[in-house]
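Chains: A, B, C, D, E, F, G and H, in written order; residue numbering restarts at 1 for each.
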């Protein structure tokens, strides 16, 4: 039934958007993810499914087109890379505050500033703690293969609509630019306007249906007591997500004495490092968070009392390590190893770091 | 089996699509594959390179520092990648435009006079298929039928009529590849 | 009658072979070399040096400013 | 002539004007005499007259009219400061058959939202933009706007707008009229009954243009900000006539 | 010598800008900090010191005017409140990457989204972990009185220039809007162009001085190895700051069995809560971080092995608590208490929370 | 007539044209034939001729010319995408006696940077804006720009720009010429010797205007992008003449 | 001859006392009350009700839409 | 000593400046003071209120939920703040415009007919100074000289000629304040 293709990660996710029945993509070019919009434009999705693809004048405009369209109960998406994502932070905070479902892809590149265009994982804090203002969260999915770029589109929209929340797919330049095999599934039909009314008329802006109250999408509440209540509601929702939606991959953790913790491209490299280390007789496992938020805190806690140490392997100066340490609470060793600014560590370096920082450290 | 290959040359030599055909051939043979182009402004300088990994196992990083095999198609790439072949690995090059020939003694070196041959065959566009043929001769890791399938997959339908010509070029490459030095 | 003679010097290694100078020369002095430079580009050279008047046109349009121009007045 | 009592006149059958039912029950939060109220009413009346209240989606700005959603009984989204045209674009593109409008102040539309305004206009989005120009940032306490008149005092130009260092008032309406993407561009005011009636016609037309797929309508309303200007409503409207309208000439700039 | 005034926090800091010899303020109005620019405009600083004050068309423009002017070695500042600060995140990342000294004031209000305009502390993550992309840090100072609003201007610029880094003054609506006594000091003269050349000609854009290389301010390095080296350099600088620049206030910690940890307005309330609790015989102290980054990790670690628990009191759903927990590493109890969305806790509530969450919890 | 050898001509005393010393030693990173190189040279020549190299501060954009700072031997800052006019404003206001310019592509200036461009122009900042319009996003691989011509293919308009859904090409130069804040607004090109010479004059004048405190000069240069357009340089320039210049008419729009 | 007579009803509690209706009335019907409403605003009322023609001017300019207008034709 | 005061009324009644004079008087008397206005869009509704804290100790929050003393100058403020006076605390009001009089029995209540008095004195602008006088009569926590200093500090130089008139109003307020009920 499926269709096997060789695709770039950026192309696979674009095809994923079409097949998931996404209603609109609004975006602005930036390396290393410009292929997303290019692929969509070439595919004429308006002919394939009626999907809208529009190039905005900036990332700010793009995310606000997303915000507007997402208010209507449709499936809406944008994509960008680090600097462009930074520009969207005010709007992410609005989307969180007004509880609108939306999906955003960040194909991370080296920073800070203009940086370079090579793969990096240095937007972890921004993604998981909130780069915008206020107490809010967004679900963060970290694909580590082209297949997952494709697969996570449906996952992301399911979560986005289940919780009326923004879902950020946090990829990087390597996964965006590389080609791998990808198995495509069937086209999902886009919801009709009537189906949207049937499902989301309690909140979505579809035009005030006769007989119902007008729907309002806003993040404003000038009465601080009300705003606090709204925040309590948000926090409750976040707690629920933390309890129910953690996704992770475990590799050789059963007998592990040490744990590599890594996501995305780093996790792939740790996979190889694991093989090398195991060959040398080092019992190391890999815990790959697929949801970065909610973070697999319970699993880490559980492992913390069993293993001799965690190595947080990140293409950054050390960001996810804070979440690991928060879960470990001093119960075992935690160290960071990473290359950054667009450099990717080799599996051998990772093994060496495990030896020096955890086993020998 | 894992083959980690860098193909490097000028833009326009068909570097990226040669990599793509290799990768697609791997897919047809049920291998794991990855294809990773260099991207960004260095493209502006006119160079192009792509890392192709073919393997029986899950592939970790698509970006590598060192390679099993380097296929080198201009001097700049020679300067950059000769040193990046693993000891015991393989370097394949076309001497056209090369001024400093490879000097390493710890790797296998092959020469494919593909540009000249493509010229003689009257179609410069087959250049990259000749190189591919040479590679396949050295590493017969893929069956020809899978290569042809890969070729078809990577060409738009309307170009499928060019398949026989490309197949000829691959065969020609297999014939003309010459050993410069083997370990 | 005074006449001018010109000459240009192309910084061969920096020429990118764009050929824009060629068409800008009013006296058809320039051609592209068959050889390539270190970067693989064919470069411009004076095929008809006598025709050069040092008018600077070629240097004016060269995007990489690789052409230097000289000119003298010759008394006929 | 028989004497006519008020009770004889004030009867349902004699009703000639009442508040449109598209207002919610909430009292408007605007200062006494603020033009926002009139423009709200005209928009709602237009929607009611066209019978499109279940087909209309509004976009409210940041500004005094941020609470427009409290008063307008239609589906409505509140946009980040300046981004209303982007939201409206996003909505209209996925719901081309709906009527989509933005309601924006001069700070919102002509300062922080300049790019979104220009580009929505340039793309010719099939939406209506209602632009309330009171020459000041009302909501935040009367700071200078791009539209503040030369010499006019505000809390960030307490000695008057000095054009040499602060620039000239920006005429966004003239700018967007120059763009091929706009279809109907006009400047109105709402401080006299006659002007209100004219403005109403323009607003109606803006919605009708959407129905006919004509593209973008851009209606500026030159309005007052009694609090920001520190004048009584009556004085404000006088000042508006004498000063604002000198600079911001009323009329239709484009109707294609 | 000093001059005693009754001023709003927003006015005091504006007066501080003038007296510190700041060269330019670029800003955009937003409640609850619009008085900063209003005060400056009314004061005609161009007459008082030659200082430039310009209202920009947006926060994005304002921060980029700051970025440009700060490239020249002058003292430059902007101010905003939460949504406006979110819009600046891309530029903050640029400023970090290109190592330009600049000072930014955030008078925090309730979020997320448009939220309200009442005081809050929910921008802690954004401020301390980096709301922009890439691995970077900025120094964060948290004043808790009008006097400190004024005083921290010089502190901020000293640090900004010492490390060529952005310093964020993280205040809130209460401190911005309230009037208190403030002692003003003497006017510092602005540096002359010649003085700037003498001090900063090694990096600042002052026009290429004959005889020197041209100066470049950029955050771009397309070679990832170089960009990584640049990142190593940044990380080294950050480590140095973490070691040398922590500032904190200690109240009654000597004999404390419990610790309130709070900054800004929350710290004022904890001060009162401390008095109430002490009257009841509860030995509680207050640790007030003045630098939020660098965070007083050592002090917390030191206390962690002595006290029975920390209560992180924040006007947020709990952000600083992560840094406390990272330092405490499970050695003692850590709990969060806060009101948010613009609500401020009362001292009594704080005492009650101490009892229920730490003492009895 | 004695025969003249090349060596007789190629002597220092006969030099009539050489590369300005304000270029650094780094070879330009642009594609063969790209107009960016010519504009770089003209700006540097103008600075050299005016002798203001130690008084000039440049602002480079994001775009192919992001590396302008590598090639121009003057003090220079690299701006976030679209924000160069804000940086330049910031700089000029604290250094009014310096010469400050921005160098920006059409994506940078006319898309993401629209607000900053309009407002710097409207305030009449005493700076020079050099705007290289090649109708495309060169650096990121040839995507559609606001300036892309109707029907023109790009990587995000592979079937040609459809004005109905993507809008008309935006003429920023015409827009800013309408603002009272601009002083000198002109459109030039650099693909023939004569045009280069004219462009040079305009660039010189832009800097001279700063000296005389005349306010903002805005010079658009219609240029090519061989890579984005997927044509040889020679073809590109031909296409430019036949298509771009039809839409973007050369000339001085304003000189007050 | 047919004549029109009008009358208005002011929603007193919602009137904000802006006085804009006053000046808009062509027949000088309206005045501001000395009393204030619950919000502390003086409100508009018909001082000369007989003069009202129901022309709707006052309601048209009222920013808070607090005026309702009625009109009848009277045969003289 | 700590006095936590809310002053609430219409904009235009001089609520904020009365608070400012109180605060400045406190400063002159070497007290710790804080002055915190309500800000934001509720101002649009025409109401204004300010929290003033005068204390011998460091002041914690400038924003309070309950108060020692409420000075109430219109009905809306009465509705909002009567219940927010601490038991045993003080409520001071001007009956002008008040329709529902205070009913609490656990607080001290005073009335100052300041609007009427200001009208009689022929200067409605002294209204807030009359109120201040009443407050000072009830709470003689500040010396008159310090109040006058505070007044001067809070007025621009060019208005200093108005000080005597304001002083008269303060004195008048001290005279006319009347006890409605004391605990």
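The rule is short, and it goes like this: a residue touches a chain if its C-beta (ideal position, glycine included) is under 8 Å from a C-beta of that chain, and two chains touch if they have at least 3 such contacts.
Predicted, not measured: the structure shown is a model, and the values here were computed from it.
Path length between subunit F and subunit H in the touching-chain graph (shortest route): 2.
Comparing chain pairs A-B and A-D by the number of C-beta pairs in contact, the larger count belongs to A-D. Measuring from the averaged C-alpha position of subunit A to that of subunit H gives a distance of 55 Å. If you average the Cα atoms of subunit G and of subunit H, the two centres end up 39 Å apart.
Each of the following residues of subunit A touches two or more other chains: 31, 54, 57-58, 60, 83, 90, 94, 98, 113-114, 116-118, 218-220, 222.
Those residues of subunit G in touch with two or more other chains do not exist in this structure. Within subunit F, contacts with two or more other chains are made by residues 30-31, 66, 78, 80, 111-112, 114-115, 119, 139, 146, 165-166. Across the complex, subunit A meets subunit B through its residues 4, 6, 31-32, 116-119, 173-174, 177-181, 265, 268-269, 271-273, 344, 346-347. The touching residues of subunit E, counted against subunit F in their complex, run 23-24, 26, 52, 54, 56-58, 60-62, 64-72, 74, 76, 90-91, 94, 98, 193, 205-210, 214-220. Subunit A contributes residues 82-87, 89-90, 93-98, 108, 110-118, 120, 122-123, 125-126, 129-136, 218-231, 234-235, 316-319, 322, 325-326, 329-331, 339-343 to its touches with subunit E in the complex. Interface residues of subunit D facing subunit G in the complex, by the touch rule stated above, are 1, 4, 6, 8-11, 14-20, 23, 27-28, 30-38, 41, 190-193, 196-197, 226, 232-234, 237.
Put simply, subunit D touches subunit A in their complex at residues 24, 53-57, 59-60, 66-67, 69-70, 72-80, 83, 86-91, 93-95, 98, 115-116, 118-119.
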